[in-house]
Amino acid sequence: MGHSLQPKPWQRTLLGTATSLAIASGGIMGFAGSASAQEGTFKVGLVTFLSGGASGPFGVPAAQAAETVIKAINEGTLPAPYNTKGVNGLQLESVVIDEAGGPTKQVEEYRNLVQRQNVDAVIGYISSGDCLAVSPVAEELKTFTIAFDCGTPRLFPELESPKYFFRTGLDATADNVGAAHYLKETRPDITRVAGIQQNYAWGQDSWNDFQLSMKQLMPGTEFVDNQTPQIFQGSYGTEISALQTSRPEIVHSSMWGGDMEAFVAQANVRGLLDQATAVLTTGESGFNRFKDQAPDGTIIGGRGPFGAFMPDNDLSEWFSKAYEAQHGVPPSYPSSKMAQALLALKYAADNSGAEGKPSDEQLASTLKSATFESVSGTVRMALSGGHQALQPMYYGEYHYSPETGPELRNVRSYTGACVSPPDGHDAQEWIKNGFPEANCN
Amino acid sequence: MTDILKTEGLSRYFGAVVAAEDINVTITDGEIVGVIGSNGAGKTTFINMVTGYLPPSSGVINFDGQRIGRLGPRKLMRRGLARSFQIPQLFLELSVLDNLTIALSAAEGRQLNMIRPVRTPERISAADAILEQMNIIQYRDEMVTAMPQGARKLLDIAIAMLGDPKMLLLDEPTSGVSTDEKYTLMDTVMEVVRRRGLTVLFVEHDMEIVQRYVTRVLAFASGVVIKDGAVDEVLADGQVQELVTGKRHQPQTEQGDV
Amino acid sequence: MMRLQKTEILLVVTALALGLSSLISPDWLVFTSTLAVAAALVVMGVVMLMRAGLISFGQGLFYCIGGYAVGLGGRFLGVTDALALVGMGIVATVALAMLLGLLLTRYREIFFAMLTLAFSMILYGILVKSHGLGSTDGFGVVDWSILGYQPDQGDESATGLWLAVVLALAAALFLNRYFQSSLGLACEAIRENEVRVEYMGISRRQVLYINYVIAAALGSIGGSLTALTAGHVDPTMAYWTISGEFVFIALLGGTGHVAAPFIAAFIFILVRTYAVELFPNSWQLILGVVLLLIILFLPKGIWSLFTRKQRAQA
Amino acid sequence: MLTIWAILIDGLIYASWLFLVAAGLTVIYGVMRILNMAHGSLYALGAYASASSIGWYYASGGDQLWIAFALLAGCAIVIGAIAGFIMERGILRLMYGRDEVLMLIVTFALLLILEDLMKLVWGTTPYFAYQPYAALGRFNFGVLTVSGYQIMVVGVSVVVGTILWFWLERTRTGKILRSIIHDREVSEAMGVNVRRMFTMTFVIGASLGAIAGGVTAPIISVVPGIGVEVIVVAFAVVVTGGLGSITGAAIGALIVGLARAASIHTMPELELFIIYAVMALVLIFRPNGLFGQATARKI
């Protein structure tokens, strides 16, 4: 193929050496298993999107939150009950890994973290696919691991008898059940509902859960359209026309990040949001950027009591201040969720009763079914046999004025027991059967 | 003597352009026929049609007693009609030996094998033989890219001769070869041709070459055969002198019609 | 019956060494090696096509089919024997490849590249749409056994590596012969000059067709091994960037020798994992630069370093 | 009925965007036979440049729409031209004469590099430059409303298309370029400075990509990875239309655009692979794309 210029001798030697070095060093570093975390420090692997479309809205804010919180933990400047230095007296040392590349690569990187970097715990995973792929490996390698954001309801059902894997947030079911409750309370007489979801598992699950919940709570609802643009498509002109031609009153969207914000801006200009109110299950992540691009009254959620929905307590106050001081913007929900995961780790370590570094077993048994204070209020690890947090779900209306900036009005909260299926219930079955054992007061 | 190639009313048009028109040629076994004509006179078009590279617009071609309709080069080769090229068509990034071994294994006409090596002792010796005959054995293990133009021409012709064809068409064997090399090259080729007793039809510009190696000549001009006969007779013809031989030409800038 | 060639002995020895290394090397390295070997299998297919002058941006199609065959076979057909699962993948792949081959052998250069890309992206689209298969999240692969032997906690990785090594060795031995065979050489001939090939009486389409189907089968094996090792399958396997990665590795190694894909795959995976660890924010940049340097200084891939050494000695 | 109108309008709008994205790609391929994967990155560069400049302009109290547009176009073109120049002179030049597909990989490497470089420069937080988009208001056709900006995009792409066509078909440079396209060796022999032409072409193609990004920036939120998303789509369009042909790119864009709009309005679930399906179908029946010519080998 083609006429290939032959390299000059020096280039050969240069590359020859380079290659051999690469192989050699690779091997050596490999076998050396890299310097394991020295005593006195607790090494945690942080996995979050640093490249690609999810890095901007989720990955990087989460990483920045981790930076802030870890610094505070090591200096012991957190409010009570976390005002002790380090985790169980050990300084926190973190290794950050890019979550991009797909589940297979993440399984590989997880093993590298645990077996080559010898981290003592792993916190991370925004993508549901990565959670599903990594959780069995965490159990196999017996490594204490916290999923801080991923939302798939399949996580624990598919992981029989988990021991080391935890999730300190709610799953996507809660978002959409909550949204349906909020509509029932605040818009009792709407009938025409449409949706627009990114074309992948998250979007499909969300729309299913939402449809099922609406059928239960507002049987009169008519679903007039659901658009499924590709993820990171960015421009939604055609989809918006399609939605307009179906004349909805409510447009439900589980889109997140740049896609969600772009959709809102475009739908607003196109007038779709004059005809219909948008329900954005992850809308909070745009709370500080919408400005006048999202019309007043747009319904937004924050995947739980996170970001702008954080209740007032010492921790959330401290976190908002510290984060904004360090990174210039108020924390959005991914930041708070990362903070919560780190607090869970500190709680587990401090209360493990271990001398020095707690073992994975001690950490796991401490966090299991535990109740700990967090930026989102008091968190009960009450779901999935004590491995997943049970938290209330919040929704509210977005309002903006150039003077006062963005604010939330008419915020409603729904108890965790109201929006999350109890153990042993498949999410969709639970909704179909009319939320058995749900407690909504 | 049997006819080996017979064309009747063979024509080819590119849009309005007449590349070849009403060509009726009969070539009998063992003949060595030259084709002359100025640039774009239709020589290569003729060869391309006969070898099935270019479908004729109209007319009939009979090869070895059978009519060849729309058969492509591949089928024709299997029937014993081989050709060489004005611009040598070789596998530049492969060794000379491999150029020949693949040709040999193809010439065996069996399904190509995917386990046994292509370089069998038989093929290697066959390849060596032809390289010897062509006097290019010294390049045996070089890449084709390392060969001079003349040697490439010879290799191109050698490949065409493998799998002993009934008839061989040489498209300007000496074009792009320096004048002093020409005769040695043609001597070599013709020696092998005689040894293998092939019927040959070759396109040539150099009249001395034509006179020296050919018994009969077809003179092309603007797509038609203006004269067909013994060398001296044809070259003596006024029309031919005016339209063909009188004209000066640089083989190097000679263009194929494809 | 032919005697073993030097290359073949070397291949066998290397394979044994690699397999035995699983006894001493850390678990993560065993795991990484398995993935590298699996990737190398796919890359061998890419290399086969490259030798015929074709670049496929859709080898992920077969990689993905191989992976999903393992996943589905285990989940819905209750097949747990690794070899059976791999076999199912091959069958499915070959069937599809024989169909697509009829069309694709007519295309060259960029059109071949884009058509292969299109087909693998169509599969991606279908999988994303299949909610039953977990859409983009994919699903987990069941625990597998091999010829009745059920690897217990801890030595799955080793077993996986051995399986990969054995399959890869078989493939490598075959390819080594294939590259020297009439068919293998015919592929290179087609790359070099199709007109001449036609005038030699060789059917280009037939040659390319066989070549394409074999390459597809290799891709499927690689996918199956990856699925068995990682324990999870998802549509990303069919996404064009993954296919691009395989082309990347193929160029890294070069088409000169059957061992090149393996060396390249190991280097690629090591470079990437350390780049990701040491420069989490700019590992793509590093990969890009490496690729440029290779193309610039080693147009025939890393393997040309080794061939030069040989020439030097000779 | 309404749906049909919607399909036509949306198809046209999307098609003109597609054309903008694909134009530079096809120009570069036509002249240089390089299928430039980094085109996506140039698109992203343009988007970042105009988004950040417009953002800065409004943040610093500006409110003149025309200035915003001037910034948008200016920054995009400038950064595109600069990047293009550096890429061509710095890297591609070293690779000329290599295999076509090898060049594809070279540009793939450039894509990887640029993706990270942009991240280092602009970070990962989304950029919004919605003001121009919002400022042009909207037009109502019954239920259906179209934003003025979208109509402007249609206009822009028509203009760009016309200019390109005129440039290639009517100007002297265009003639030279076409001679290069037709037979590089000969035109070199005739004393055409092919290298200079290459640089010029690549710079122009690159700026086209950047313009596409700049024009799109106000519509979308500019985040890492937007470049990668558009490449394959752009490829599909040019391959469908026939590589190296402006008309082809236009027709290809129209076909893909309408097909996509139709699927979104009638069967949204097909949207994900409609583009590839169209491309595959076209190639099956026209192996060189709609307007591509097969090149015969000289023997």
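For reference, chains read A, B, C and D in written order, and residue numbers begin at 1 within each chain.
Assume a contact is a pair of C-beta atoms (placed from the backbone, for glycine too) under 8 Å apart; a residue touches a chain by one contact, two chains touch by 3 or more.
Please read all numbers here as calculations on a predicted model, not as lab measurements.
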Of A-D and B-C, pair with higher C-beta contact tally: A-D
Identity of the most central chain, Cα criterion: C
Per Cα centroids, the chain farthest from chain D: B
Chain centre separation (chain B, chain C; CA means) in Å: 43
Chain A and chain B, separation of their C-alpha mean positions in angstrom: 73
CA centroid of chain B to CA centroid of chain D, Å: 48
Centre-to-centre distance between chain D and chain A (centres being mean Cα positions), rounded to whole Å: 34
Where chain A touches two or more other chains at once, by residue number: 1, 4, 50-51, 199
Where chain C touches two or more other chains at once, by residue number: 128, 191, 195, 281, 283-284, 299
Touching two or more other chains - residues of chain B: 53, 85, 89, 93
Contact footprint of chain D on chain A as seen in their complex: 1-4, 50-53, 55-57, 59-60, 199, 226-230, 232-235, 237-239, 241-242, 244-245, 247, 257-259, 261-262, 265-266, 268-272, 289, 293
Sites on chain D touched by chain A in the complex: 2-3, 6, 9-11, 13-14, 17, 97-99, 101-102, 115-116, 119, 123-126, 128, 130, 133-134, 137-138, 140, 143-147, 149-150, 216, 219-226, 229, 260-261, 264-265, 268-269, 271-272
Contact set on chain D toward chain C in their complex: 35, 91, 94-95, 98, 100-102, 104-106, 108-113, 115-117, 119-120, 228, 232, 235-236, 239, 243, 269, 272-273, 276-277, 279-280, 283-284, 287-289, 297, 299
Contacting residues of chain A [partner chain C, same complex]: 1, 4-5, 7, 11-12, 14-16, 19, 22-23, 26, 29-31, 33, 50-51, 95-98, 102-104, 107-109, 111-112, 114-117, 128-129, 132-133, 136-137, 140, 152, 154, 158, 199-202, 204
Complex interface listing, chain B residues touching chain C: 51, 53, 72-75, 77-78, 82-83, 85, 89-94, 98, 101-103, 105-107, 109, 112-119, 159-160, 163
